[in-house]
Structures are given as C-alpha cells and as structure tokens.
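I have placed the structure first, in the form of structure tokens, so that the comments after it can refer back to it.
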Amino acid sequence: MESLEEIKDRIEAAMAGVRLAIEGKSLVVGRQHLLDVVRFLKDDTGLAMDYCSNLCAVDWLPRTIKTRECDRDVQRDVPGHLEVVYDFYSMAKKHGPLQLRCRTEGREGTPSLPSITPLFRGAEFQEREAFDLYGIRFEGHPDLRRILMWDGFKSFPMRKDYRPPDDYEYEPTPHDEVLEKAKQHWPAPASAPVTPSKPA
Amino acid sequence: MAMDESLKNELQKAGVFITSVEGLYNWGRKNSIWPLQFGLACCAIEMIAAACARYDQARFGAEVFRPSPRQADLMIVAGTVTKKMAPQVVRLFNQMPEPKYVIAMGACAISGGPFKEGYNVLKGIDRFIPVDVHIPGCPPRPEALLHAIITLQKQIEQDHLTGKHKLRAYDREQQTEWPVPAYGEHDLEPPCNPELWHPAPLVREGVK
Amino acid sequence: MIQPLTTTGSGYELMPKEGAIETQTLEVSMGPHHPSTHGVFRMDVVLDGEEVTRLKPVFGYLHRNHEQLAEQMNWLGSIPFTDRLDYFCSMSNNWAYCHAVEQLAGIKVAERAEYIRVIMAELTRLINHSCLAGFLLSDAGAWGTPLLYAFREREKILDLFEAASGARMMCNYMRFGGVRADVDDDWLAAARKVVGNYPAFLDELEALITGNEILLARTQHIGILPRELAINASITGPMLRASGVDYDIRKVDRYGIYDRFDFRVPLGEVGDVYDRYYVRMLEMRESVKILQQALCDIPEGPFDAGVKMRNFKVPAGDGYGRIEAPKGELGFYLVSEGGTRPYRYHVRAPSFINLTILENMCLGHKVADAMVILGSVDIVLGEVDR
C-alpha cells in the first residue's frame, strides 16, 4: 500500500477543494468532504478499500496542548469536540489499515457528521452505537436510534462528563472513588460538627 | 411433629415407612425441581456445563430445563442483570407459579459483580425479587451450582405447609405480584424494591 | 370470499390463491428470554403467516459498559474484563487485547510465549466451533444431544486451561509480552493426548451430523449471504469465508507466529447455513493441524518478556490491533495519553457487526429458519453488548 503522503496527494489532486491533514498514522478529513473521500478510497483501483473494519467515537474535552515549535514552548487551546475514527482495509488487495478521522464542531447537544452507511453497510450498527453512547447524529443513516440503552434513556453515557446514577447505598468494602460515593449515604457522625466562631 | 428416629429406623427395616404429609410433599418437590432455562451471561455456560454429561445435575432431579416460566419452579439467575433486562426478569418471576425459588448464581447476580460500577448494571437481583440461595464465584464452578441445588433441597425439606412460617405458596398474605420496574430517563424507576431489599446496616468505625 | 380448492395436474394445491383470504401480519418479539437466542437477544419479527417480512434485532440487555470500566482501570486491569467479552473464548480475547497494547507500546513477545498463545488460541477455536455445532443443532431441534457430545470434549480442553491458568473459563492468562505462567512437560503431554484424540471425535460428530438428511433439509439454501454484501457489511470470520471470500487475518496480517505453520483456509461456495457450519468443521481440522505442529515445535525459554507491570505506562498515541478470533475479527482500538490508563478503549466485536445483515438473510424465510440462521451467525451476547 502507498504511504499516507502519497494517498493524501492523490486525493487532493483528484478532488478539487479537498484538503486533508496527516496526524500520526491517520488522515484527518473535514466533515463536508468525508463521503467524497470515503467513496474515492472505495472506488480507487489501487487502494480498493472495500472493508470498513472499525468505526469508533472518541470524546475530547476542551484542553490545552503544549508543543515545542521553533525552540519555543507553545500552548494551544483546543475546544472540546467529538471525533470518529475509521479503519479501512482492503479484502480484494489484502492490505491496510488506512485510518481516517473526522471531527465534529463542538460537543454540545448532538453534533452531526455524515453517515457512511450508504457506502458501507457494516457501519450501520457502529454508527448507531456512537449515537447512543456519544450523541453524534449521523446524517443519512437509515435508522438512527439507540442500540444498547433503552429508548427512553436520556444523556450519553460514554462521554467524559457523564455522571452515572447514584446507587451506592450499600457498599461493604468501598475504596478510592467508590468510597467517596458511598460516604454520601452514611449516617451523620455521632459527634456534633464544630461551629465556626463569629468573626470579630 | 417430630418422629422418633430409632422407631422410624426399626419400622423401615421391617418394610414400613412412616412420614408426614409435609415430609412426603417436600420430598416430592425437592427431588424434581425444574429450572427455568434462563441464562443471561457467562454463568449460563457453567449452568449448561452443570447440566451436561460430566457434572450432570439430572441426578439431583433438576434435569428438565423448561423454557416457559409457567412450567418451571426454580429460576437460576445466571449472569449479570442489567437495568435494561431487569423488568423482564421480574416479569418472568411473576409468571412463575408458586411455589417458586430463585438461585442467584455468580457475583453479578448477587451484587453486580465485577461490573458493579456500571450505568446499566443492576447491583444485585435481590433488589427486586426474593433470592433463596446465593452462589459466589465468577463464574462459580458447576460443582458449586450442584451444591446450591442441594442447599435448596435442604431448605425445601424444612418448608412448612401450615403454621406461622408456612410456605409462601400457601400464605395468601405473603403472595404478591412483585412490582416491575419501569425504564426511567436515567435509571430504573424505582431503583430498588424498598419492601424487599433491606441491606444490613453497616457499622462504620470512626466515621468522618 | 373463500375460493374452492383447485387441483393442478399432478397434485392438489392445498391453500387458496393469494388474495383470497384477508390476512394480517403478526408482530412477534422473539426474546430476550428465549431458549434458542444464545443469550439475552431479541428479534422483533413481523410475520406474514410463517414468513418473515421484517426483522429488527434488539440488544443491549447485557450492556455492561466494559469500555467505560476500562477507562477507569489501568492497562493490566482490563485483561480479566476481556475474558468476559466472548465468554466462550476467553484466551482469544486476552490475546487480542495484549496484541493491541503490544503494538502500541512496542513490546516484543517471548518466543515460547508465542507458541503457548497459538496453542491456547487454537484450543479455543476447537471449543468454539464444536459448541457451535452443538448449539446450531439444538436450535434446529436436536434438543441437546450434539451439545452433550461437544461439551464432553470441551470439558477435556477446559481441564487443560485450568491446569495452565487456574480457571476453567475466565482464564486471564495472557500478559503484555508473554503469558502469566509457564506450561510444563506434563501439560504438553496431556495437550498432545487431547489433540491426538480430537480427529476421532470430529469423525464421530461428522458421521452423526454432517450427512444427516434433516440437517441438510433445514440448512441448505437457507440464509444465503452473497459475497459482495458480506464484504460491504464488514462480516468477518467463518461467516465471510463461507460466502467464498478468502480473508483470514491469520494469513493476511500474519500476527504472532502464524506464518510458521502450514494450514489451509476452508472456503464455502454458496454462503448458506450449511456452508457456515461445514466451514467451521473444516476449520477445526486445520486447527488440529496447527496444534500438532505447535506442540511439536515449542522451544524452551522464558514465557514472558519481563515487562515491569508496576506503573506500566503506554506511550501516547493510538492504534488498532486485531486478531482472528473464532467468531471473526476481534479488534481493540486504544488511545493512550501516556498514562497508566487508556483514554479510549473500544472493542470491535465480531458478533455485533455480523448481526448487521441478519435481516437480509432472514427475509422470505420461515420463522423456524430464522432461528437456524441466527445460530449460524454464532453470536455471543457478551461481545455484542460489551
């Protein structure tokens, strides 16, 4: 299989207006060009990426990235976003993987991304799972509804800021974080709390 | 009414068997417990292994796994009970006719097990239905399940048909349709059955 | 208005023509408590008489948020949880996870451990495929007798697992860079004996089942999966190979030391339930070949790479590692920020994705065939729901 730079150049040459970035071992695609790029990868005779192996959503909270550029420490504030990672292989040519990433704008509510289910039927359940657990709405998906949690469930459990329901009333041997959660159910201590003295 | 054991043995040697109606009834029930075929997760495989040739629970009478709850008298809750599955478990338990028993097999059915800190895991099936025997283990060996069936058989031997501690099957006041939880927005509603689930109060030394 | 019965030359047409009687469709929920659905799996089926017109799988009844738990535990602590994904094949799950972490962290596996891993994985494949034969036939109505044969052999292999790792099912045996404990010569001799007796068991099973006319009638030309649809729907494992696609990750990626073994990859022709069953029977024979070679060639040496587990950190980055588990391609996508815990841990479960085209395969068939088709997909709910 060709290298990432070669693939990137070929895609940019074949489709006007498409710009990709390379991060690590993956190509980063903007959401407006995702379907075109995926279609190109699938139809190209050299690559023949006919098998979408893995579709995974990742939640990135707003964070500050420190890098070193031109001998100076640079800090960049990256806003929070959700990301979907695609791993493509080729069954015809028996090569791969080719990793694509696509990011949403922000992570409030249910941000949307195009769905690749019309091109790859195997993405159907995996996109439903990303919707159920992360709240990414896939436009063009034939049947987008919850798959693992029940239909009336609100909130998206795999997000980093999800707080699970509190059923820690009975914890025989708690420790670490579970101890903190269990303590909220313990009876008040026998000794009276110390009242602060009035300021002079 | 207690029988004189030596008299019983003497008569048995002569070929005369003496028992009480209760004893006979319980003997019949305990030696032909029909489990409900209800495997949820990994413990179900050990349950199947206990029913297969090597461990063979058929010799204890629990051979016939009935798929229909109407024909079963033992529900072996084998595996993790999730909040999505919990209403179905309670409904199935309601559909079983009295007298009925529950074995909670495995750490997950007892208290949530290794998956306890889960948004979808019910921390123990005894939050909603009464459990007779708990089997610890992850998964418990098939021999442990056989031990549980024998323990249940010993419990059934002690059942009373009359009197203050009579069997739930004969006590209309104790019989109840266990309430089925509903799917709420973030959790089951109610999260547990407060009439049923009374965890022992834990005394903490030096609570801060 | 009911039409009178008509005769057509050779025989009677016993049902009136289409449209003569007013009918309604029936919506049935098969599961989550069902004797044949391999766990808590539900299918919402819409039936026209006995024929399936719509089928929607519903799962999540065993969703134990394995991925979220892994984000809260350190890298080593997730290994026992991987046991509980596909609870039939715990050794393969362990290997897939350790393989993904080793790829990300650049750990080289000890030589003897590679052989031990292959032996354990192929023994697991034998368990899985023989139990599939048992379960598929139970679904078709053989009521547990083939299952008893399969579980009898499974118990012998579980004895080996228990001797090596301490547990029958949830083995927790693989570690990063090797395995947890060594296997001694007695164990290898016992394993050779079990593997030596296995072809006789396969012959016995095949003599009873494979040519059986009831099985042939119930499984041939049922649930046909065309090649192109299988590739497009990301199907992997024996189900893909039964549709004629030559894609076995042991041959493609050549992970571990699979390139040292001589084995073939059986392919099906038609892609029906019978092909999926028979491909698995042939794969068991190939696994026996691999086991015989591995048990013969296993070298002496250390059983792990000596990686320090205290405060084990994986360098920042992300990666996707996959192996050929008995059910298909089991992959782990891991994102690390350089710490002791994964930032993101995702399981690419083969059973979950193989269910995508269940509806396509079942449409037009009868309800009883839908159960047999589901049996041939070979799902385990621990993997589907994670």
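As written, the chain order gives the labels A, B and C, with residue 1 at the start of each chain.
Just so it is clear, a residue touches a chain if its C-beta (ideal position, glycine included) is under 8 Å from a C-beta of that chain, and two chains touch if they have at least 3 such contacts.
Note that the structure is predicted; figures quoted are calculated from it, not measured.
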item: Central chain (distance from its CA mean to the mean of all protein CA atoms); value: C
item: Greatest separation from chain A - chain, by CA centre; value: B
item: Chain centre separation (chain A, chain B; CA means) in Å; value: 43
item: Distance between chain centroids, defined by C-alpha means - chain B, chain C (Å); value: 32
item: Separation of mean Cα positions, chain C and chain A [Å, integer]; value: 27
item: Residue numbers of chain B (touch at least two other chains); value: 84, 117-120
item: Chain A residues counted as touching two or more neighbouring chains; value: 148-150, 157
item: For chain C, residues that touch 2 or more chains besides their own; value: 60, 63, 65, 68, 72
item: Chain B - residues contacting chain C, complex; value: 37-42, 44-46, 48-49, 52-54, 67, 79-80, 82, 84-85, 88, 92, 114-115, 117-121, 138-139, 141
item: Complex contact set, residues of chain B against chain A; value: 83-84, 117-120, 123, 183-187, 191-192, 199, 202, 204, 207-208
item: Interfacial residue positions of chain A with respect to chain C in the complex; value: 24-25, 50-54, 56, 58-59, 85, 87, 91, 94, 97, 99, 120-126, 129, 146-150, 157-158, 177
item: Contact set on chain C toward chain B in their complex; value: 32-35, 39-40, 60-66, 68-69, 72, 80-81, 84, 87-88, 147-148, 151-152, 154-155, 168-170, 381-382
item: Chain B-facing residues of chain A, complex; value: 148-155, 157, 162, 164-165, 167, 169-172, 178, 186-187, 189-190
